[in-house]
Structure formats: structure tokens, C-alpha cells
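Read through the structures below before going on.
In what follows, chain A forms one complex with chain B and a second complex with chain C.
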Partner chain A sequence: MDFFRPTSLADALKLKSAHPLALCINGGTDVMVELNFDRKRPETLLDLSAVTELNQWSEAGDSIVLGAGVTYSRIQTELHAQLPGLAMASRTVGSLQIRNRGGVGGNLGSASPAGDAHPALLATGATVNVSSVRGGRSIDIHEYFIAPKKSALDPDEIIISITIPKARGGQQYSKIGTRNAMVIAVCSFGLAIDLQTRKVGTGIGSAGPTPLRAVEAEAFAASHLDWEKGAALAPELLAEFGALVSAASRPIDDIRGTAAYRRHTLSVIAARSLKWAWTSTNEFRST
Partner chain B sequence: MRLTCTVNGKTEVIDDIWPGESLLYVLRERMGLPGAKNACEQGECGSCSVHIDGVLVCACLVAAGQVEGAQIQTVEGLAGATELHPVQQAYLDAGAVQCGFCTPGLIVATVDLLDKNSDPTDNEIREALAGNLCRCTGYAKILDAVRLAAARLEKTGKA
Partner chain C sequence: MSNSTLPTKQRDHISTPVSAGLGESVARPDGTLKVTGDFAFSSDLWAEGMLWASTLRSPHPHARIKSINIAPALKINGVSAVLTHDDVPGAKLYGLEIIDQPVLAFDTIRFHGEAIAIVAADHPETAKRAAQAIIVEYEILEPVIDPDFAISGKAPVIHTGGNITRHVPILFGPQDLTADVVVKGEYEVGMQDQAPLGPESGLAIPAEDGGIDLYLSTQWLHVDRGQLATVLGLPPEKVRLTLAGVGGAFGAREDLSMQAHVSLLAMRTGKPVKIVYSREESFFGHVHRHPGKLRYEHGVTKEGKLVYVKATIVLDGGAYASSSPAVCANAACFAVGPYEVESATINSYVAYTNNPPCGAMRGFGAVQTAFAYESQMDKIAEVLGMDPIDLRLKNAMSRNSLMPTGQPIDSAAPVAEILEKLRAMPLPPLTSTTEGFDIIELPGGASNATHGEGVRRGIGYALGVKNVGFSEGFDDYSTAKVSLQIINGEPVVEVHTAAAEVGQGLVTLKGQIARTELGVQRVVVHVSDTQVGSAGSTSASRQSYVTGGAVMTACKAVRDEILLFAMEKLGHLHPHLLHFRATYLLVDGEIRDGNGTLVSSLADLVQDRIFECTREYRHRPTTPIDPITGQGLPHTQFAFAGHRAVVDVDIETGLVKVIEMATVQDVGKALNPQAIEGQIEGGTAQGLGLAILEEIQVVNGKVKNPSFTDYLIPTVLDMPPVRSIILEYADEHAPYGLRGVGEAPTISSTPAIVSAIRAATGLALTRVPVRPEHITSTM
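This part shows the complex of A and B:
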């Protein structure tokens, strides 16, 4: 097995182009499990963890450009104000040891329907910036997930960063599991309210072949919220929002839960998320 | 492949490494440092916890080649010449050790916690140690040990 450890992005892209079958490794929290259990024996391992450009974040106007390798722990401590939904999702990932290594680039690389970053990225309408020696392109997160564990990434491409709009309203992330740590979501839900555009974004995890968006629920909420004054939400409105989110899911029965349980819990966590996020949206009103 | 890194303050050069092997394998099988335990090899149990450049990680989930030039601190580096580290002593005194398999990982994770937060609440202790499994003690004595270590470190001003 060959092992490459480039320190610059240019070198990383050249290596990936020369070895399109090379397996990228960043935090290693998905890749090493596969290697330890002999599920994968790539000929080449391309270690991205020393590439400076991937391990930093910056502000660009109304957005944060999050390097693919910035860890969940850093997102929690450094970006919770700008990206509250993603920071909440980050906090639910594995354990401290996992959050200290894993990041959003690896989550997107694995493209599991259960990945915790995905609902938060869908809800905020993030963009995945990828690059190869052929050039760079930006993929709308809503077009990124193709099938279970399959993404729009080409073999010679590397995920460079994710552009995520800074919060302009309340955000939430909820996850159903048997423990408060170390669980793959039974199902999960991310929500982002944008006071400026008067839009509501959603993301559903672990309840379909890919992470999903609840388009009708988004439209329903946007047209029923009292954007001017922020009046409290009626229980019927919350219940209808929950029902629409649940209806947008496409869950199956598996070892972690039944489809019926997923549909039920989604309607509950979606309604609660809207209530909580709408309340915290008031903090954005005065500014 | 040749790997050069610093382990517990000492520069090490290790030859003939297979790049896909884990840091845990390097420590245990190539360097004779069996403190970090191999229990699950999938990040679930925390018994292989070590610090890389001051960051708490599972050694089983780090590829050997990724620690080139890094500073690694294992449980073996905690005790002084004659005295245990206060966290190790607290685990002994509180009776937080039964079979002991989880203990090195828990001690490393506790040191990490108390370095950042000298007076953690019970919830903060639980969250910080959520990645370390113990199948013997039921965790009550482990929480006792962390509180004891925190109190002692506070007194000596070491935290």
C-alpha cells in the first residue's frame, strides 16, 4: 500500500488525479474502521489531514467557508454562534474522541443517510466546494446526495470546503437514539429559520435512502409564520408541520428502528424543533 | 515505511510500518507500550485513548502515517518516577478499577477533561467520558474518582 501525505492542496489534487482509486483519509473515523476490519484494502491511502487549506475556516460575506477537515470539536467551540444548527449536530457525533478527529468533509465523503452534519447542511442550503486538477465546482447540497453512501463527487475530486450561510434566525438539530452519545441516529431532523428571506429550511436524516428535504413542510411554515411580530405558534400549526415533515420521509424497518417509529418520532421532533427555533428567532429580531 | 514521532517526550524512529496499520498497533506491537488497550478497534470503547499534539483521540482510528512528526502522549507517560499521576491515584483510592481494562483510557480521558475544566459538573464528566466504556464498575466509582482527582488537583493548584 502506498501512503501519501501532501501538505498543500495543489499536491493533494495532483496525487488524487494521478491515483483516482486512492482512498482519502482525513480524521479516519470512518476509514480506519474499514481498514481495521479488512473491509477495504485500498492500494493507496491519501492522507489529507496535513493539508493546511482544509483545516481552516473563514468568513465570506454572509457565509462561513468551512474547510473539509475542520473537526466537529472546533465547530462546536469556534462556530456555534454563526452556525448553531451544525454546532448542535456536531455535539451529537460519537464521543469527544471522535469529534476531535472527524469533520464535515469526511461525513460528506461517506455520504451515509445517517450522517449528522447532513440535515444541518440541507436546512441552511449549504454548498459543497470540490476540486480536481480539471478545476473546481460548487455542488448545491440538495444535489449532492445521490443514493445510500453515494454522492455527486467524481473519483478525481476532493472536497475542499463547505459554504454555509450564517444563521439569520433560529436553528435546531434533534436526533433520536438509545443514548446521548455514540449513536447512529434512528432518525434526525435539522431546521433553519431565515428571518431575512422569510424562508424555513429542513433536513431529515436516517429516514430515507439519502438525507432528505421536506419541501412542503418548508413552504407551509414559511407561509404561516408571523414574520412581522413573531407571534407564538399554535399547536395545530406545529402538528401540521410535523405531519408534513413525517410525510416527506421514506424510512425503512432496520436494526435501529421501524419505519413507523421513524415517521412518528419525526413528526414529534419536527414540531418541537419549529417551536424552539421560532422562539430563538426572536433574538435575531432586535439586531 | 519509516515513522518518526515523539512518544512521551522521546523521539522514536520505527521502521517497516505498514501505512494502513493503526497508531494503536504501532504503540502496542511495535513499541512495547501496551497501556492503550485494544478492545474494539472501531472507536466505540475509548480504551485506546491517547493524546496526539494535545488532542484526545482513539489510537485505533489513526493511521500510522498520519502521526509523522507528531507528539504522542500515552498513559505510560503520566506517572512520575516515584509517584502516580493524581488522576491515577484517585482511580485507585476511589476503587474505580475492577478488571482494569478500561482504566488506562478513562484515566487519559479524565486528564484531558481536568486540564480543560478543573471543576466539572457531573453532567460535564458524563459528557466528557461518554466515549469510554466500562463493563465492570457501573460508572459510579469512576465518577467518584474524577471528583476526587478534581478536588485534589484543585488543592495542589496543579489543575
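This part shows the complex of A and C:
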């Protein structure tokens, strides 16, 4: 196995172009598991952890540009005000050690339906910025996930950063896992309320072949929320929202849980998330 | 040299009071090393020029091997040897109780993950790839996966002799009783894994005498040696084992796993060979806790007095016997629990199937039955409208109660006190969901699944009982060699046993015993190996008792020899030594008479002599049980414990947060209170795992979750604080009055948690582990 560890983005892109089958590794929290289990035997590993451009975040107007290698721990501590949904999702990732190494770039690279960041990114309508020697492009998160563990990334491309709108309303991330920490999602749900555009964004994890969006639920919520005054939500409305989220999922039975359980709990955590996020939306209203 | 000529300074130095003796919470020597990552485990061993071993395992649970082609593996650069069953020089089968398991499979594959071939290569990856290059042609057979079907007489026979590995009946008291109230229940226990964090690993070094030196993790060096000698075709003295750093055991290391494989490869290649299982291989490489189906019928009076218990227990032993026969007997003996009953009719079966082999795990048959009988006790209380603690109190065993085997309990059985103390312990407050609450405290924890919605509190109680030590007439002993000599003017004791320290704290305890018995501060605990007699197994909560007893006995023998020597040397000055030697003591580096008057310092008396004694210790003998009635005296000591669990359940998601575990356990005598607390908390955690998390999922004979990603053990966020009360009712038959502590806390933990979940949800919950969908699908 060849192992490259470029120290600049330009070198990294050249190497990826020369070795399109190279597997990118940064924190290693996904890749090393795959290697340990013999599920992947890449000819080449491209270690991006020394590429400083990937390990920074910056503000760009109403958005945060999050370097692909910024760790979950940093997202939690440095970006919880601007990206509350993603910060909550980050909190649920693995253990502290994993959160100190792993980042959103790796999550997107694996494109697993269970990736904890995905529902938060879907809910906020993030954009994935990728590059190759051919140039850069931005992929709408809703077009990023193509099939199980397959993304819109081309073989010579590297994920550089993710552009995520700063919160303009309540956000939530909620996950069902059999254990109280360090657990792969049985199902998960991300929600972002945008007081300015009066839109509601959703993301469903671990309940379909790819991370999914609950389009009808989004429309239902947007049209039923009391955007003007922020009136509390009726239980029936929350239940209907939960049911619509559940209906948008396409879960299967596996060792982590049954499809029926996933559908049921998705409806529960979606309804709860809407209630919580709507309450915290009031904080945005007053400012 | 007489005492009066001793320089005062030296005597002061030597007579500094000996500390870290029995009864103190002596810190374990490996504690800091393990926390900082500096402890050398068996997986850290290294030898010059060593090779690495890998195993090829069957992907099928049941198949006939048509051919094995090792040529492609041998062609790989760096491969030194590829061995199959043809290369086993001695016996091709081994086993703890029944010799039925192939060292390497031949003819038939009986479970998913069975070892077929082994490889030695210059790099672990090369070895792994070479193993994968071996071509095995299989004729796939239908696996027998249901133990009920396996023993029905209609299933294909897995081993000659039939699929019933053992049937233990117990017929106690009159067999024709009727009762006011009859409560029936059927319970199921899933397959738990011991999940020791240290994977199976070891290093084999071929010796010049044609023998082999092994450094590895195990629970019983001598029984490994006996089996290895047979398999390797060597006399036992040429198989020398030394215990390496063990990362937990819990029963998983009682059977051979990699021992024979790594030895065969070392002998074939003439080089040191090391093996370290991956976590995945570890799940295939050791036996698990028996899953079981338990059908119960309790007859009780309207007042809540047990009249009869009928139980049929079917345990799934999997493809090979391992310690199934003993587990089956234990399940039968402890089928009623710590309760008095007039009549018991127990039938315990263990079946051969094509599921993974099951054997020893902490609790050993008593765990499965405790879930069933404690569930029944709760159900009876509900039917009678009684408080579940009052019901238990009404039937609680005490000293002189009879076990269903007819065996009287001839030491303390403070069952009622355990219950009363559990009931009296303060309860934790309700989890706050007001301003500033932490989601970590709620069901789902870090996952942010609830902010209090759907959360219901439940409280449950359970009791457990289990034997300490080996049973049914087994000659259960340990050996200790203890020496005392003077080094640099200071007395030093060396303690040498073959007992496996697997994390339980025996190394610390051996030192405590020697310090206390011989009054010497400096104790060197020799590494455990086969250069001294057998210590028996580190299982059945027995090492403090049996090896502790052996160390105590050997220390007393050394003391006697020193006093005898003192009599010879100093008898003219201390005439009482002749007749009252037994009243003399070794204290703080000195010999003193019964009044505490100094006779001599050890340094002065012993000088350059070495006093050394090797002694065996046996607990009181037990007897086999009658094969028809199950009556006998199969056990030597009983351990009792109880738990109270407080849980929060989110009834809409089925997620559970255990808020607190409270426990009371009688330990006879707390020789190292901190170590006992550690055992109690660890055992409680393992019971919690079985209650709500841990299960090897086997579908059609295939293991579906051989990883810590999907086999979930409790994290620090799942394991709550433990409130424990340690009772000390000395057992007059045991060394220092101690009672084995290792297993009891695992037994009652599981049913207490499930009872609490029932209290929170109102559901019956007859299977463990309770999965979230068991709660939501029926709410």
C-alpha cells in the first residue's frame, strides 16, 4: 500500500488526480475501521491531516465555511452558536477521542446513511465544496448522496469544505441509539427552522439507503407554523409532522433495529425536535 | 548472638508495623499501569525472530469439508507454515469435560467460525492473507439452530451420543402438591459474551528439549497444559506455561482457544510464534453465555408462601460441550433462587446445536435462572397483590435452609437482611428536566432523544444465589509455595502459585495474606506459571478462597518451621517455645511470644537460611448429585446478593437510562474492601449489559454482530453510580471467613433492572436483553 501525506492542498489535489483510487483519510475514524475489518484494501492512502487549509473554518456573510477536517470537538465548542444543529449532531458522534479526530469531511466521504452529520447538513441546506486539479465546484447537499455509501464526488476530487448557513431559527438533532453514548444511529433526525425565509429543513439518518429529506413534512410545518407570533404548537400538529417524517423514511430491518421501530421512533423524535426547535426559535425572534 | 546485643537502630527499623495486610484496601500493583497504558498484556509480547499466526475459520455453521487446499497459502512470500488437522501430532480433539472439539476441524464443521487451518508468517497481515488464500470446499448442511428441536429426537445428531449434552433432574420434596395460586411463565435469555477487553493472545517459543514455553492469557494454566500435552503429543513437563498480562476473562478463557494453534506452529517452524485475535475473531474464538428458554410454574398459598416450583430449563450449548454439563447442573441447583420451597421439580437440559459453543461465563447457569425465578416472584406478587419485597421476605432462605438438592446451608444466608437493607436505602431524586438540565441524565443520553417527554421512573428488586468453588465432588484445590529469607538485612517473603490473575486482584491479596501471616512487609509475588502445582481455575469465585487458603496454609507452615528453628536456636533462652510454640507470632519482622515480648528479629534468627514450604489447600469436599433425584451435597459455599435498580424509561422510544444500582452482598470477610467494591460494580455492570444491551445475534447459525460497534457493552454513561453495602458474616468453614465475591453481583443485577423497567412500563418483558422495540411495540 502506498501512503501519501501532502502538506498543501495543491499537492493533495495533484496526488488525488494521479491516484484517483486513493482512499482519503483524515481523522481515520471511518477508514481505519474499514481497514481493520478488511472491508477495504486500498492500493493507496492519501492522508489529508497535514493539509492546513482543511482544518480551518471561517465566516462568509450569512454562512460558515467549515473545513472538511475541522473536528467534531471544535464544532461543538467553537460553532455551537452559529451551527447549533451540527454541533448537537457532533455531540452524538462516538466518544470524545473520536470527536477529537473525526470531522464532517470524513462523514461525507463515507456517505454512510448513518453518518451523524448528514441530517444536520440536509436540514440546513448546506453545500459541499469539492476540488480537483480540474477546478472546484459546489454540490448541493440534497444532490450529494446518490446511493448507499455513494456520493456525487468524482474520483479525482477531494472534499474541501462545507458551506453552512448560520442558524436563523431553532435547530435540533436527535438520534435513537440503544446505548446512551458511542452508538451508531438506529435512526436520526435533523431539523432547522429559518425564521427569515420561513422555511423548515429536515434530514433523516439511518432510515433509508441514503440520508433523506422529508419534503412533505417540511412544507407542512412551514405552512402551519405561526411565523408571526411564534404560538406554541398543538400536539396534533406535532404528531402530523412526525407522521410525515416517518412516511418519508425507507427503513429496513437489520441487527440494530427493525424497520417498524425506526418508523415509529422517527415520528417521535421528529415531533419532539419540532417542539424544541420552535421554542428556541423565539430566541431568534427577539433579536 | 543474643537479642541484647542487637543494635537498637536496626530493630526499630525492622519493627515498623507491617501495613497493607488483610482487611485493608491495598492498591493493586497493575492499577496505574493499566490506566496509563503501560501494562504489558499478552498481546504486547515480543521475541526475536518471531512469526505471526492467523486462523482460517468456517463461514458456515454446518458443513462437510470436502477438501482443503493449502497450496495457494504456502506460495505466499513470508509464509512459514500452513497447518490443518493432518498436522496435529497428538489427540485431534480436546475439551474441558467432554473431549469433543477438534483442534482443527476435520470432516464436519459444526459452527460458524470453527477453526480449520492455521498459518505462520513473518507479518500478521501476510498470515491473515495467507489464511484467506486457503481453498476449502464445503458441502453446506442445514444447521440445527433450535435447542428445543435439537433435543426433540427428530433433529439430525450433531455428536454421536445424541444432542442432549446433559440432563439434570432435581426432585425435591413431595411431587404431588397443589396450591391456592398457580403462576406460570416462560422466559428467554439471549447469548451474552464475556467481552474481555484483552483479546486472546499469546507467544509460543519452541524449547531445545523438544518442549514448548508458552506465555499467554488463560484462566487455568494446568488444565491448559494437560490438554496441550495431549494435543501436542508431549509429556506435560515439556509444556511450560507462564501467565502473561490478562485483559479480563469472565469465563472466556477457560477453554483452549489459540493455545494449541500457536504451539503447533512454533513446533513446526522452530521459531517463536505470536498470535493476537482481532476483536471480531475473539467473538468466534471463545465460548459464550448459554442462551436459554426457561418454563416455570410456581404454586403459592394465598398468603404468598411458596409451595412448589416446577421448572424446565433448556440451554443452548452450541456445537461443542465446553463446560456445558456443569452449567446445566448449576442452572438446576439454582433454579428456585434463595427461597425456601416445599417441593421442587426441575429439569435442566443443555443441547448440542450448530450455534456458537457456549460455556463458562460469570454466574455460570445461575444468571439464566435468576432472571426467570425473579420474574416469577414479581409476577406472583402482582397476582397476589403483595409487595414484591414482602413476598420475597416471606420465602427468604436463612442458615439451615435446604437447597433443592437437599443440601443444608451451613453458614450465613442473610437473605432477609439483604432485602431489608435494600429497601431502606435512600432513593435517588427524580431526574430534573427544568432549566439547565443535562440530556446525559435522560434516556438516550448524548443522543438528545428526550427532554423529559415519555419518561417514566421504575424501581425493581432482585436476589441471586450461586455457589463458590467447583462442585459435584470435584477435587478442587490450589497450591502455594511460600519462602522467607533475609535480603539486605530485611525479611522478604516470596509467594508462588499458578493462579491466574485476570484482573480480580489475587496478586494483591496474596501479598496481603503473606504480610499478615508472616509479619513481613516485603512480599514478592512470583509470576504465575506451571513450575509450581496447580491452583485450579480462576472461576467460580474461588481463587480468594482456594488459592488464598493455599497461601495462608503455606505461610503458616513457613511460620511453624521458623518457630521450630527458633526453638532449636533460642530454646535455652525461651523455654516456652518447647510447649507453647503455637502461641508465638511473627509480627513486624520479629518473633514474639504470646505476651508480645520480643524473642528475636527474623533477620537475626534466619540469617542466610531460606525457609520454604509448598502446601495444597482444599475446600470441604462436595458430592455428586444423584442422577435421578438430583439430591446430594454438590456445593461447598453459597454467595448471596441483591440489587435494587432505579431506571428511567422513555416509553415512546423504548430507551432506558439506569439511574442507580443499589446492592447488598455478604462477603463473609472483606479482605480488600476496595477490590470487593470493584467486583461488585463490575459484576453489576455486566448484569446491566445483559438486561438491556448485550447479545450476540445469531441468525440461522451465523453470528451477525461480532464487533464492539454492534455488540454493545455499557459505557460510563450507561452504568450508573452503585450504592453498595457489604455484609461480613464470616463463613466458619472458609479461610478468614471469606466468601467468594466475583459472580454474585452479576446475577441479581439483570432481573432487578428488568423488574424496574416493568414497573415503569407495565409490560411483561420476558426476554433479556430488553430491546427498545420490545417496549415500543407493545406500549
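A few remarks follow.
Here, the second predicted complex is superposed on the first by the 286 of 287 C-alpha atoms of A that agree within 3 Å, B and C clash if a C-alpha of one lies under 4 Å from a C-alpha of the other, contacts with A are read in each partner's own complex, and residues count from 1 in each chain.
The rule we apply is simple: a residue touches a chain if its C-beta (ideal position, glycine included) is under 8 Å from a C-beta of that chain, and two chains touch if they have at least 3 such contacts.
All figures in this text were calculated on a predicted structure; none of them were measured in a lab.
With both complexes brought onto chain A, simultaneous placement of chain B and chain C is prevented by a clash. Shared-chain residue A:E218: touches no atom of chain B or chain C.
When both complexes are overlaid on chain A, the residue A:Y261 reaches chain C alone and has no touch with chain B.
In the superposed pair of complexes, A:R5 makes contact with chain B only, with no contact to chain C. By the document's definition of touching, of the two partners only chain B reaches A:N100; chain C does not. In the superposed model, A:M182 makes contact with both chain B and chain C. Within the superposed three-chain model, A:L45 lies in touch with chain B and out of touch with chain C [touch as defined at top]. Contacts of A:M32 after superposition: chain B is touched, whereas chain C is not reached. Residues 33, 36-37, 95, 179-182 of chain A lie in contact with chain B in one complex and with chain C in the other.
Residues of chain C that touch chain A in their complex: 128, 278, 280, 440, 443-451, 453-454, 652-655, 657, 692-693, 697, 704-705, 707, 709-710, 712, 714-718, 771-773, 776-777. Taken in their complex, chain B has these residues touching chain A: 1, 18-20, 22, 41-44, 46, 49, 55-58, 60-63, 65-66, 68, 109, 112, 127-128, 130-132.
Those residues of chain A lying in contact with chain C across their complex are 33, 36-38, 88, 91-92, 95, 172-186, 255-258, 260-261, 264-265, 268-269, 272, 276. Chain contact summary for the complex, chain A toward chain B: residues 1-3, 5, 25, 27-29, 31-33, 35-37, 41-42, 45, 47, 49-50, 94-98, 100-101, 179-182.
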